[in-house]
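You will see chain A twice below: alongside chain B first, and alongside chain C after that.
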Partner chain A sequence: MSFRTGLLSLAATGIALAVAAGAAPASAQESVKIGLILPMTGGQASTGKQIDNAVKLYMQQKGDTVAGRKIEIILKDDGAVPDNTKRIAQELIVNEKVNFIAGFGVTPAALAAAPLATQGKIPQIVMAAGTSIITERSPYIVRTSFTLAQSSTIIGDWAARNGIKKVATLTSDYAPGNDALNFFKQNFTAGGGEIVEEVKVPLANPDFAPFLQRMKDAKPDAVFVFVPAGQGGNFMKQYAERGLDKSGIRVIGPGDVMDDDLLNNMGDAALGTVTAHHYSAAHPSAMNKEFVAAYKKAYGNRPGFMAVSGYDGIHMIYEALKKTGGKTDGDALVAAMKGMKWESPRGPISIDPETRDIVQNIYIRKVEKVDGELYNVEFATFEAVKDSGKTKK
Partner chain B sequence: MTTLFTILFDGVAYGMLLFVLACGLAVTLGLMNFVNLAHGAFAMTGGYVCAVLVNQSGWPFFAALPLAFVVSAAIGVALERSLYRHLYTRSHLDQVLFSVGLVFMSVAAVDYIMGSSRIFIRLPAALEGQIDFFGVGIGRYRLMIIVICGLLTLALQLVLARTRFGSRLRAAVDDPRAASGLGINVPQVFAFTFAFGCGLAGLGGALSAEILGLDPYFPLKFMIYFLIVVTVGGSSSITGPFMASLLLGIGDVAGKYYVPKMGPFVIYTIMIVILIWRPNGLFGRTAAR
Partner chain C sequence: MTAQDDVGYHARQQARWRLSEVAFWVLVLACALLFPSRYLIMTDILRLALFALSLDLILGYAGVVSLGHAAFFGIGAYSAGLLALHGIVPEPVLALFVAGLIATVVGFLTSFLVIRGVDLTRLMVTLGIALLLEALAERFSNITGGSDGLQGIEMQPILGLFAFDMFGKVGFFYCLTVLFILFLLARRIVHSPFGLSLRAIRNNPLRAAAIGIPVNRRLIAIYTLSAFYAGIAGALFTQTTALASLDVFSFEKSADLMLVLVIGGTGYLYGGLIGAVVFKMLQEIFQTITPQYWLFWIGLVLVVIVLVGRPRMHRWALWLPNLVIRRFAGRKAVVAVPERDGP
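Let's turn to the complex of A and B:
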């Protein structure tokens, strides 16, 4: 154990030295390095690919020079394994002397890199992971994705106000699933709703049949669902197979389940599902139309909410560098990001100066067919939603 | 009461699906004494072949199913002739290492070619929804699974027990030396059997996409289920894995319905209890080879 601590502190001094050495001769000509750590292989690979695509797209559109300095992206694959993330982050900071670390597909990966960001005074831009606590783990973490609490509380409020009295919940039994369930429950029951059935599904679950039968027997007004993105399609198909759609039970949930990346393959079973989320490829702003068209042209499919987080993340880095005049001092950069406001393809967003977390509109959307393809069509907006996971404290 | 029948029906369908997926493994593991952990890779191949044919080339679902079988079997026979046969006489550890290596290669290859997201096979409208049978909800797709798998099981049992090929296979398994002395081409029999097992897995993969989901990690995710079926069923015949599949399928579905909090443990509890009671599986042979 003492050997380990020794190693750790050695590594820490190494980082501190490296940063001190790196900061001094950083002339305006030297390029700004961004270590992009993403899951490019494994079950989370679609997250990594979307973010990588979006970052590349942004740099093609806006050029690769900011405030007189060239931007260099170093992409590394961590396969969503936190141990890898930590090792890669350390290598990037010590050897490559990166000025930012960014990406982070899952919460444990973001948490694993947090102490390194603190020690190295390197801004850590979280572009995907969605648990509330992340930004509290280092004063250098800034998030451009979303938190689960944002969408789950809003759908709870919306359901309670829109004639849904009884809800059965079906959530996957892992941290994000439990988060989603608790935030939903809290707001829905506070609004006068009743949870009639609560089922937690094992994460590696091959068949939803028995759980869906329970849902059917509970006769709720709606089923609240949170399952990992890939399983959403199976859920919807079996939901329709069992005739739950015809018995008038609606599906509601946070928007992760109806990710644009997968939605179109789910088939008509998904029609009518109401979810709350911060981004839909069908968001009717001019900026989003342009973004979707450019993304489709470059990569052949539509962007999902992960892509937009990556797009905003790199935008934020660009803007922060403009503010500091190309200086890469970690504290100055984070200060520049705090309170930053801009128009994103998802709508107006800003960075909360207190928590460094994202503040954004949450939209209530319904799955509809547009030009023969399935889209989440927005029909109600909750403006400037903060992360309630933190504000409640 | 009607719910009970619906649960029973869903359980049987799930069990049948497990059986078709796993019975090829029962054949290679039980009859040929080869530990082939890459069995799920053949199932995945079948699933993807079916998905590409139906979704991209516009084939009807029922025409794509046999092709899923044929392609998986063809790949199976090619791999058997080129790779597997060299490992028949090696230790089980070598076989495990080899076949796990194949699994990882197949996962990476499919991820590279098809992408990592989950895919679905477009089903004909006739297979969607439920039929109401005296108040019991019967899923059409699950009904089809039961019919196809039931017929397959019957046919398999008949082939193994009644035909000349069946008796050759059993002879080749019981004593390969004596069998080849009697003029049976043992390698050929094994190759054919192996290919057939792979084909069944491919068919199972195509059928299971709708219920279990199909992505590049399929062989890793479901390896444990195949192994449970084979260990619980015992590997001396196909009756054992068949009964084990049904038992596990019904147990799993019923457990998840009646005690959802314990749901994921039911299948493992059944396995442990049966293995304590009968260490060689339900229909295991007593003397290990």
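Let's turn to the complex of A and C:
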């Protein structure tokens, strides 16, 4: 037996042992398991961290037992890569026998897991991804985040009514970005506005400089921006570097670009930016003040809209379990979630019983300085906005 | 005995199947039957192993470094995806082959760029090709789906008989079969006179040319073959996950592959297989322990592996088997040799 042959047999034994170690023992059926699949590393990591934090916070506040059953969270990192998501979801369903899969930082990840939710009859709680089509991909998908259509149509109407005539758009080139663009365009042009320049930036290339130059040359009244949560800081930095903040071109868009997570570090260039969104850390309700204070205390910074989606997602799971008396039958749980209404830190929200998508208030907000910090201060409210991405069909 | 006979004799000796190799494959098969709940991660390992095997063919046998091997993986992945999505070649095995051939063609065309340089330029050129393809895939998002990936791929049953199931069982055995067949082929090739000439080139291209080996043609041939292997690995990826996204071209994919070979070693075919297992298991274990900071631990382990050195680790790892061999077989302890310089 030579060295290498020895190595071979050793390696094979190693595989056997390692795989055995990886196959975690199935624990008692007592607890309700929630597979939380989030991007915890890579470019979308801030999304994952916020949701994870919020879920932990909720469970600290409300306890980890509901309807007599213990809640167990199994957190997995997919790095926002859809094939990872799919594999992890599959393993969670098959091996861990999870009762819910939740999280999903980006649209492709949510779509990749959708067929598994259907096959496994497992409720899939989408806490981040915001493309309209997601909830149509499986009857087991329920969303607690938002859709781009909700905020983009509203900002489109608002812009057309508030003296903005010419708009250049800059959107990330993937499904949510295209949703944002199309719904904005539709409502803005219907209100008499004109799109003078349309730029799509690659999702994985956060260098906006060349695109910003084109924006500057097109001289629009405003630039409509959608970039995913996490890239907004970079955008505003380059926007200010190019001097666009002094050129009189305003920034409007769905609120993703003004994510509370990053807003305070964007500097004064962000002042005056008007966005439409479902959540601001400055939302003036008692519940939100309490939520923001608790989140700040626990994690040292303020919650963004991803955190609130995670908070509502876990709340919905708790409430659904209460309704079913702790039973974890997938159909019963989804039925319990349909039409559910509750008060969230973002305001009153409900789940549309037909589409399983979220119905929520959309607020028009302007970035202002409050106590020396930048906040999205809400000044107009559109109540109970449904996802127009589906109602149009 | 002439020199030629002598070489031929040693080559044949080398090409014989060893007991331990048989044991390796038997154990792989045993794993398949023992852990029915872990098919998905094992399929992932098999795909990575095949991909690593393809890099090993050029790196370990011909000494061609590449930081852009994901280019061919990606070509294979998107080809297989598009063939299935548009129903051009609905049958997976045939589609697998076609996707592999497409990668082969691209490999052949780019090989002329790669053979021109030496190590550093080769790194740059291969990296460049992969980045180029990634940018193209992103640009032509109407064909590739861009950052959203190819959505809605539905795989037909293999040979019209075996449908891909949710537990990944069919996918796993499909990958295992493909890996095994391609492994046999690779094994046959590296032990052939062609394979021997590659090793001569790796050790000293000038001298190899001096004894009449057509260096460039051999390099083109092996590079093209390696592209075929990578393409097949990519196609397997798409077929078993029913997904293809821009990540298939990513630099991380190529870099991970290098890591796999750093762990497993090059130039004896099993390096990629063993490396893939170790790499994926490390990833899986650290991800389970700390979903947020697992990259740190992986990095640390890799640094330690490089610092300690593979030969020394092998020696430690083989300490117990050696002891057993000495005690019961009465044979001399096995001696560690670096894989490359081994016979």
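In this text, the second predicted complex is superposed on the first by the 342 of 393 C-alpha atoms of A that agree within 3 Å, B and C clash if a C-alpha of one lies under 4 Å from a C-alpha of the other, contacts with A are read in each partner's own complex, and residues count from 1 in each chain.
We adopt the following convention: a residue touches a chain if its C-beta (ideal position, glycine included) is under 8 Å from a C-beta of that chain, and two chains touch if they have at least 3 such contacts.
Owing to the predicted nature of the structure, the values given are computational and were not obtained by experimental measurement.
By the touch criterion defined above, A:Asp261 lies against chain B but remains apart from chain C after alignment on the C-alpha atoms of chain A.
Once the two complexes are laid over each other on the shared chain, residue contacts for A:Ala204 go to chain B and to chain C alike. When the two complexes are overlaid on their common chain A, residue A:Asp83 makes contact with chain C while staying clear of chain B. Within the superposed three-chain model, A:Gln231 lies in touch with chain B and out of touch with chain C [touch as defined at top]. Using the contact criterion defined above for the overlaid structures, shared-chain residue A:Ser247 touches neither chain B nor chain C, since it reaches no partner. Chain A is touched at more residues by one of its partners, and among chain B and chain C that partner is C. Of the two partner chains placed by superposition, only chain C is touched by A:Gln119; chain B is not. When the two complexes are overlaid on their common chain A, residue A:Leu111 makes contact with chain C while staying clear of chain B. Taken together, the two complexes place residues 41, 202, 204 of chain A in contact with chain B and also with chain C. Partner chain B is touched in their complex by these residues of chain A: 41-43, 45-46, 199-202, 204-207, 209-211, 213-214, 217, 230-231, 233-234, 237-238, 240-243, 261-262, 265-267. Against chain C, the residues of chain A that register as touching in their complex are 1-16, 18-24, 38, 40-41, 49, 52, 75-77, 81-83, 86-87, 90-91, 94-95, 107-108, 111-112, 116, 119-120, 172-175, 202-204.
By the touch criterion stated above, chain B contacts chain A in their complex at residues 3, 6-7, 10, 14, 108, 111, 115-120, 122, 128-130, 137, 139-141, 210-213, 215, 217, 221-222, 225, 252-257, 260-261, 263-264. Of all residues in chain C, those touching chain A in their complex are 18-21, 23-24, 27-28, 30-31, 34-35, 37-38, 40-42, 44, 138, 141, 146-149, 151, 166-168, 237, 241, 243, 245-247, 268, 270, 273-274, 277-278, 281, 284-285, 287-288, 291-292, 294-295, 314, 317-318, 321-322, 325, 331, 334-337, 339, 342.
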